[in-house]
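Next come two complexes, and both contain chain A; in the first it sits with chain B, in the second with chain C.
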Partner chain A sequence: MRWTGRSLRRFEDPALVRGLGRFVADVADQHRGTLHAAFVRSPVPAGEIRSIEAPPGAPVLTAESFPGIRTMCARLDRPDFVALETPVLASDAVRHPGEPVALVVAGSRAEAEDLAEQVVVDIEATRPVLDATAATDPDAPTVHAGLDMPMGNNVVLDARFATEGLEAAFEEADEIVALDIRAHRQNALPIEARGALAAHDRGTGRTTLTAANQMPHMLRTALADILDIGEAELRVVTPEVGGAFGQKMCVPREYVALVAAARLLGATIAWIEDRSENLLASWHSRDHSYLLRGAFNRSGMLLGLDADIVCNIGAYSNYPVTFGVEPLMAMAELPGPYRLSQYRVRSRAVTTNMCPIAPYRGVSRPVLTLAMERLMDTAARRLDLDPVEIRRANLVSEFPYSMPTGLPVDPGSYVETLDAAVEALDLEGFRRRQQQAAAEGRYLGVGFSVFGERTGYGTPAFAARAMEITPGYETVQLEMNPSGDVTARIGASPHGQGLATALSQLLADELGVEPRQVAVVHGDTDTTPYGWGTFASRSMVIAGGAAKLAAERLAAQLREIAAHHLEASPDDIRLEDGSAVVAGTSVGVTLPEIARIAHHSSHLLPAPMEPGLSVSATYDPGGTFSNACHAAVVEVDPDTGHVRLERFVVIADAGLEVNPMIVEGQIHGGVTQGIANALYEELVTDDDGNLLTASLMDFLPPTVCEVPLIEVTHVQTITDASITGAKGVGEGGAIGAPAAVLNAISDALSPLGIEVDEMPATPSRVRELIRRAQSTTTGGPT
Partner chain B sequence: MSQRRVELTLTVNGQRYEAAVEPRKTLADTLREDCGLTGTHLGCEHGVCGACTVLVDDEPVRSCLMFAVQCGSQAIRTVEGLADGDRLHPIQQAFWEHHGLQCGFCTPGFLMLATSVLESRPDIGDEELREVLASNLCRCTGYQNIITSVHAARDQMRS
Partner chain C sequence: MKPAAFEYHAPRTLEEALGLLHEHQDEAKVLAGGQSLVPAMNFRLARPAVLVDIAHVPGLDRIETNDPASVTVGARVRHLDLEHNTIAGPLGSLFAMTGRWVGHYPIRVRGTFGGSLAHADPAAEWCALASALDAELHCRSTSGSRTVGARDFFEQMAFTTCLEPDELLVGVRLPRLSDSCGVGMAEFARRWGDFAIVLAVTAVERDGDSIARARIALGGVAGGPVRASNAEAALAGRPATAGTVAEAAAAAAEEVDPTGDIHGSADYRRDLVRAMVTRALDQALA
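== the complex of A and B ==
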């Protein structure tokens, strides 16, 4: 009986449901004598700092308090890139609202916040620039004055790619569809905001940072580099982490300041971000615009694609993946699963006086999928084709396929998932219902979204972006203890994904033990191998791959010892049910017996085997694509602009599913965030740069009442691009849903000639489109 | 600025806790810092997310919106009080079995909210239950398995 493929209950859960999980704030509150920090932040988006005045004797730390500290600066090694340096605390200029200027330390959080309010920062406000397109104007304020900007004012990346026959493709076209796609600013919004606890041990000279974070090893390296101290002086621990979705991946300035303060004061200091700070000045996300032109022939074949992508990356770069991740991913992956030979793209990153951007679930893919899927639907309407037919005609169905950018696409089920979605929806039946509803003056619509999600980015994929810090591989160390149980130490850093459970299923199958005998250790730089953490739907692909490789090594060693002991050939030994048995016989030895020999009677081991049962393996794949088709059915209320989701169908192909329950949970959560991104969530700023959505009264994540039943069907295409067969599933839900929802709204409102190209499609935006459409058709406002 | 502290006794999960707190200190912070009960989480501290939900005299309240000094005479229940020793409460068991949690940060709030509604209205219908559960936010699960879990617990608690 195999454990892989079974919906095993998660080992993570009993502690969590009892309130015994330890999140960073819990660690801080349970530690006696913890001091608390609060940050003094810039109230304006742009300005010069004149002075910082604190009440006499108040423990206020500014940039001056940390003379040796370096700026944070991650780079791409490419000529079209301008590196931006981030000071840990602003000292001369402030460049976005909420930028940290000083750090206050007190005995409690309330006292720290009181003190922070008494710090007076005299800032001479200057004119900000908030919009990316406006920022490229030569007359716009320059966010990083004094920095050479050879590609244009505030343009910090300007990447281009073109195939030769693009112009010809457009000349040949029967229909050219032009779109202006906008994805507004959002926030990943983990329910646990960010937070960290820095504890300096004056005895050992080491500092431990316990932090809500996805990349503990990277964080340790960054802290050492920025603070100019040895990496051995630091330990980073990620305890339970209350969701992250990318927001806890990059290195926050606040964590660096906290470690510096703890070392300076020889103290234990916590900083637990509040929700308003989180909305204002954690990392923001999206804020992309795409000008897109698609050349189609009469039968709907896409002949050429021309895109101009602008990403508003805010005031600084994130660290370590840089702001380049957004525009570069967008340009590399825009064509998606559609056959295309002619492609031209320009993709820019523009710095503004907005909060910096960091990856959020799906990174650029929710927007690039929105762009391509809106293109397909708009083209279908113009050419009087069925949206399903135009997709079928263009989708990749022969593998391996290579995108015009050279990106290889491994086998997937693009057409198959589309067909399955059509069937699950009963599209014909829906179209009849839609017509009946239309006769009653109701607006029903259906929208599809077909996409590939590039996952398992190994080092080669990241190296293509010329990243100075190139992530990719994962290492897993496996040890069978003398009792026969297994400890797996991983560099990945799960935070809600149930990876410990899924990996133990995988390992149990390889080693012939039960999953509960496998302890997965993660999130502690002192006890786990260097790795890149958990992000980008990578952990089951890459950490899973490394676990499988390590398990094969350990299994080989176990077989060899068993063979020696049983006087058989290692090839004849099978590991099953906790024993090593000679195939076809009942002769065997239990794994605990082998483990005892290896650890406690190592003189009995076959020469020249070393004592112990400890192996390590690294996996660094080239990358794979999982894929899915999402389909949404909506009803739009034309009077209020409100969109009600009636159905949401997902046909998902994430390759091998180690634990289908966990896979489905990831899809539910991803789709829900995608729906939220499509309809509700937006960080709104006024013309002066003030955030108008600084609480959950204004920034609106959906509740259970806004989310329909998500109907998931699983397809599993196994390819050799991933050694476990798993393709990754963390982001897909969020990637596909916005396009399905906006296509459905556009379908519903097609009688009014409305195409919805902006997300979120809030009621006011939808109403505005209806108002405009009606005023052009009736000649008067409604 | 710091204020004069008030001595009070809180009864939480049937146990008495002595604390001296500033009048402005919330029930949530008091439970976490003075009683050592960190299972009650804070997701927004302004009354929207429901992560901090506890029961005060069996009614669900946002403990981030209530002051500790308001609770001296009431019986408070938190997530730590749900299980009976090692035996999980049916609602905890249901969340475990039906994958009603991922990161688990919102979970204590949902468990307490669900417990109160299922105790007071064991026959509550699906639609109304949905509306009650819309009091709290979860960012991981998409709610579907939370609903399934609460339905399962309702059936279990009724039988």
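== the complex of A and C ==
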């Protein structure tokens, strides 16, 4: 019996559901004498700082307090890239609302807020530029004045790719479909906002940063680089983390300032971000627009694709992945799972006086999938084809396939998942119901979304983006303790995903122990091997792969000791049910017995084996595409523009599922965020840059009342692109859902000739489209 | 998101409460359910120096039903009690169908009827209900008491009433509705539990197949709750048909003068007024 493939309940959950999980704020409460920080932030999107005045003697720290500190600057090594430097605290100019200018420290957060109110920052406000397209105008204000912008005003990345025969493809086309796709700004909205506790130990000179974060090792390196101190002086710990979704991947200015302040004051200082700060100035996401043209022949084959992509990356770069991640991923992966030979794309990053962007679950893919899937549906309607047929005609079904950009696509189930979704929905039955409803004046619609998600990619994929800091591999150290239990130390940094449970299952199978006997240690730079953390749907593939490799090494060592002890050949030893047995016999030795020998009677080990049972392995794969088909059924209320989700179906292929329940949980959460993207969440600013959605009264994540039951069916295509057979599944839910929802709304409103290409499709936007359509078809307002 | 420092009082009698309000005037705020005031304090949008918590003032949590012509709801009666209460007849139905739209369950457990009226959110359900029924609001201060009609209680500026800083709203008198009166309530919000973008509360007295009198109050279209008088006039004495309802809904959409915000333009709100008035009237006439 194998543990892999079973929906084991997560080991992480009992503590969490009983309130025993320890998050940063809990750790801060448990420290004696913790001081609390609050940040003084810019009230305006752009301006020059004239002076910063604090009450005399107040513990107010500004850029001047930290003379040795460097700016934060992550780079891509490519000619079409302009590097942006971020000061830890703004000193001369402010470039986005909420930019940190000073830090105050007090005995409690309330007192820190009192003090922050008394700091007077005199800023001479200047004209901001908020919109990416407007920012490229030569007359627009330049966000980073004085920086050379050879590619145009505020253009910090301008990447292009084209195949030879694009123009010909468009000339040959029977139908050219042009779309203007817009995805507004969002916040990833982890339920726990950011937060950190910096504790400086004056005895050892070391500083420990306990932080809500996804990349503890990278964070430590970044802190050392920026503060110009040795990494040995720093320890980063991630306790329980209440969701991250990319928002806790990049290095926050606030954490750097906090560590610097703790070292300066020799103190323990907590900064627990509140929701207002989080919405205003943590990291924003999306804010992309695509001008898309697709060339189709009469039978619906996609002959060519031409795209102009603009990403509003806000005022600064994130660190370490840079703002390049959004436009470059969009450019590389736009064609998705559709066979295409002619492709031209221009993809730009534009800096504005908005909060900087960090990757958010799916990064560019929710938007590029929206673009491609809207293209397919719009083309189908124009060519009078069925949306399922046009997809079947264009989807890849032979592998390996190579995208026009050269990206290899390993085996998946694109057509199969689409067919399964059609069946799960009873599409024919739905179409009948839709007609009946139409006769009653009701608008029902169905929408599909087929996509592939590149997951579990290591160093080679990141290197293709020419990143100065190139992430990718993961290392796992395994040790069998004298009692026969196993400790796995990992560089990945799970924060809610259940990775510890899944890795335990995988290791249990390799080593013949029970999952409960495996302790997974993560999130502490003092006790885990260097690694990149948990993001980009990578942990099960890469940390899982490294765990498997390490387990193979450990198993070999266990077999060798057992063989020596039993006077058998290592090749004949099987590890199962806690013992090493000679195959086909009942002769064996228990794993605790072997472990005791290795640790406590090492003189009995076969020479020249070293004492102990500890191994390490690293895995650095090229990547594997998981895939899925999402389908949404909606009803649109024509009077209010409200969209009710009736059904949401997911046919997901994540390769080998180590724990199907965890896979399903990832899909549920992702789809919910995708629905948020499609219908609800939008950060809105006024023309002066003031954030109007500054609390959860106006920034609206959907709740259990708005999200329907998510019906998941599992398909498993095993490829050798991943040594465990597992593909990544962390982001897929968020990637596929928006397109399915917007396609369903467009299907529902097709009698009115409405195509919805902007998200979120809020009730007022949908109603506006209906009002316009009704006034053109009936010649007057209804 | 921590409140500025404040002084806290929990008076045990009405006199004591009124005395504290009198003493501190503008500096003081009444704390009822805290579901609007405390968030505002945490955002530091409100920074009262003194809080007068009325949780222990006796008598404010009663619903008086002895009078055959009216019901008086104490200021501290919780939203949930009105949603689940046993007020007989159409008035009770209207309270129940309206109450379930006020926020989420935990908010309805703590939030109070009087707090909602005193807070006067333009999209508050209770404010629209009070306006539709021409409620009478009893206000007390150390210098005496007065009764104000809903029309005069709500100012046309959001979150503004005629209450003086030292005045406490103690109870609200509402007319019982006749058994032949149909009631309706329709609301549009982005998510379940959100404040309404637009809402309509209706009470319609039938006279056989025609409408004797209709009351329609709207929320979310002005600084306070407003009566759709033209729509009401369009219904009075008319047959209870879909055509009449459509005319009244169109009149309501016409007579309001909403302003746009991030959740919808003025035109969008007009569209919603038409839809919500139609739905609330359909319910009342069903």
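Operating definition for what follows: the second predicted complex is superposed on the first by the 781 of 782 C-alpha atoms of A that agree within 3 Å, B and C clash if a C-alpha of one lies under 4 Å from a C-alpha of the other, contacts with A are read in each partner's own complex, and residues count from 1 in each chain.
Here is the rule we use: a residue touches a chain if its C-beta (ideal position, glycine included) is under 8 Å from a C-beta of that chain, and two chains touch if they have at least 3 such contacts.
Since this is a predicted model, take the numbers as computed values, not measurements.
By the document's definition of touching, of the two partners only chain C reaches A:Ser764; chain B does not. Look at A:Val684: by the touch rule set out above, it reaches chain C but stays clear of chain B.
Chain A is touched at more residues by one of its partners, and among chain B and chain C that partner is B. By the touch criterion defined above, A:Arg275 lies against chain B and chain C together after alignment on the C-alpha atoms of chain A.
In the superposition on chain A, A:His284 makes contact with neither chain B nor chain C. By the touch criterion defined above, A:Cys705 reaches both chain B and chain C. Look at A:Ala110: by the touch rule set out above, it reaches both chain B and chain C. Applying the stated contact rule after C-alpha superposition, one finds that A:Leu692 touches chain C and leaves chain B untouched. In the superposition on chain A, contact of A:Ile191 is made with chain B only, not with chain C. Judged by the document's definition of touching, chain A residues 110, 114, 274-276, 695, 697, 703, 705 lie at the interface with chain B and also at the interface with chain C. By the touch rule above, chain A contacts chain C in their complex via residues 108-110, 113-114, 117, 274-276, 639-642, 680, 684, 692-693, 695, 697-698, 700, 702-703, 705-706, 762-764, 767-768, 771. Of all residues in chain A, those touching chain B in their complex are 7, 9-10, 12-14, 16-23, 25-26, 29-30, 110-111, 114, 189-193, 240-243, 245, 274-276, 495-498, 661-662, 664-665, 667-673, 695-697, 701, 703-705, 707, 709-710, 733.
Chain C contributes residues 1-5, 43-44, 188, 190-195, 197, 261-265, 267-268, 271-272, 274-275, 278 to its touches with chain A in the complex.
Partner chain A is touched in their complex by these residues of chain B: 1-2, 22, 24-25, 32-33, 36-46, 48-49, 51, 78-80, 82-83, 88, 92, 95-97, 99, 101-108, 111, 130-131, 133-147.
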